[in-house]
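Naming follows writing order (A, B, C and D), and every chain is counted from residue 1.
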Amino acid sequence: MSRTHRIVIGVMGADDAPRDVLALAERAGKRIAHHRAVLLTGGRGGVMRAAAKGAATNGGMVIGVMPGRDAEESPPNDHVHIALFTGLGEGRNYVNACSCDAMVALPGSWGTLSEIAFGMKLGRPVVVVGDGGPTGVPSAATPEEAVDQAYRTVRGTPVPD
Amino acid sequence: MSRTHRIVIGVMGADDAPRDVLALAERAGKRIAHHRAVLLTGGRGGVMRAAAKGAATNGGMVIGVMPGRDAEESPPNDHVHIALFTGLGEGRNYVNACSCDAMVALPGSWGTLSEIAFGMKLGRPVVVVGDGGPTGVPSAATPEEAVDQAYRTVRGTPVPD
Amino acid sequence: MSRTHRIVIGVMGADDAPRDVLALAERAGKRIAHHRAVLLTGGRGGVMRAAAKGAATNGGMVIGVMPGRDAEESPPNDHVHIALFTGLGEGRNYVNACSCDAMVALPGSWGTLSEIAFGMKLGRPVVVVGDGGPTGVPSAATPEEAVDQAYRTVRGTPVPD
Amino acid sequence: MSRTHRIVIGVMGADDAPRDVLALAERAGKRIAHHRAVLLTGGRGGVMRAAAKGAATNGGMVIGVMPGRDAEESPPNDHVHIALFTGLGEGRNYVNACSCDAMVALPGSWGTLSEIAFGMKLGRPVVVVGDGGPTGVPSAATPEEAVDQAYRTVRGTPVPD
């Protein structure tokens, strides 16, 4: 990886999630900004918006990989800096998994499960926050630990305090 | 659905599966041929080949939706009648889920999990053979029951004996 | 290519085409059925429907590779035997190009131009009917000649009278 | 478009291009940086690298939308800041067209033609540098004019000197 390339960490989760999950997502986004990594999400609402808010309001950069072919079909949430429209519908979940160097997931929907499965298939470091992920996927108790674990695996070095 | 259109039932499973799972897949393929439905698989080896064999040797038609862009990149197994090359890599798992009217899954790999997740997300009838599927996905004890259940849901009518 | 695999020839053209172009497409479909090859089209109206009609009413088999994720989003035309829903929107044009062993094109729309370009990029034999194709793409004066030329290139043998 | 979202302008062209075309691409990238828009390219060599160099060395941000699923399969050029791996092979050309708000093209390859065709199909503003584009696509004499014309169409306002 050249000096130019920035590390991209995905946060995956549902459009429709309960408030406590949104709070976890926002903390994950904030932690990603702390590491100066780029946050990649699906660019919609719910977990995607909360993570984006956490990153963007802490100086981080946010990429939204959108299902639709333009902003009319898929309006990006208001914390996305760069919206990339794929025109692939839910097929963009595969692009999400390919596009992130590591993935933090807040499970709870079929879409997120497809992203976790692709991440594992592709050999990406995947860390689930909490214990709701499928058997065999690493997990962490807090979003900060999940991000640190993901980041550390990509960087190959311990994360300083 | 016009009279011309044929029902497409997918059988999803790993390239690398133990012998007893392959036997289940072959029975699923045979049962799909029995219903005169078209079998759709990922066109590779393991479960995909076993299901194709079960269908093709019982008069059924087999579609293989391949990851590569041509036969050199993704050689279809020898029971595939029509190989459709997607050039999408593992992203073809999404096309698999979209392309079948109902899905029978033999779980056990991350790729198959991505297909189950997409099937559920898309509202396709998904039936797992055995009890290895994710929570919330219908299952059946035998491949014949799984196929019948999938077929019945698409047709909206009971399957005759 | 094993004995099982069937040759797939695509006919590409616009949803919205003048009557004389539709007549050419129908003749191309008929000629593909004559060669006992499978016709692949985008499954919609216009050229796609005319080619499908030409093949289906002459005993040929017709695959429709649809942009939407189900029949509600993309109703296949009434001559399609097997509808494969990609859920990729216009991105299915790439799958079309990958999925056919050779391509016959009736140019006239941007979508068709994308398919011709992908076909050439992928090294597929592409034959345009008439002289409306981009520079550098082989053409033929009639749809029968175009299909024969495409078929011959795939089979590697001259087409008998 | 919210205040957060940044304008994305694509520069499309071949991996393998003559030196004078590379010089045009670099000037296009520089002009995009001048407008503080984000440059999107296919992330490989040739035109993609030259445009990236032009943007990156003038303070611009560069996104590379890669065909492969990781850096091993598709090494991004050394001026790409954020590499997004699609895993879609040449199918990523469709994502390129969807993902840019406007497109500047240096024609000369089948891949670029597929991107121009998709851009036109999707209703994106497309401007070809020089007169090598397909009939019906707007062109400009210089890369600066092409970028300005693209940018102006997206912004809906004249570009100041």
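Quick notes on this structure:
The rule is simple: contacts are C-beta pairs under 8 Å (C-beta built on N, C-alpha and C of every residue); 3 or more make two chains touch, one makes a residue touch a chain.
Here the structure is a predicted model, which is why all the values come from computation and not from measurement.
Counting the residue numbers used at the interface between chain B and chain C, over half appear in both copies, so the two copies meet with largely the same residues. Between B-D and A-B, more C-beta contact pairs join the chains of A-B.
In this assembly, the chain whose C-alpha centre lies farthest from chain B is D. Inter-chain spacing, taken between the CA centroids of chain B and chain C, is 26 Å. Chain B and chain D have CA centres that are 40 Å apart. Computed from the mean C-alpha positions, the centre of chain A lies at a distance of 30 Å from the centre of chain B. Chain contacts: chain C has residues 69, 87-88, 90-91, 94-95, 122 touching two or more partner chains.
Interchain contacts join each chain to each other chain, per the touch definition above.
Residues 1-2, 4-6, 8, 38, 40, 56, 63, 65, 69-71, 76, 78-88, 94-95, 98-99, 122 of chain A touch chain D in their complex.
By the touch criterion stated above, chain D contacts chain B in their complex at residues 69, 87-91. Residues 88, 90-91, 93-95, 109-111, 113-114, 117-118, 120-122, 134 of chain B are the ones touching chain A in the complex.
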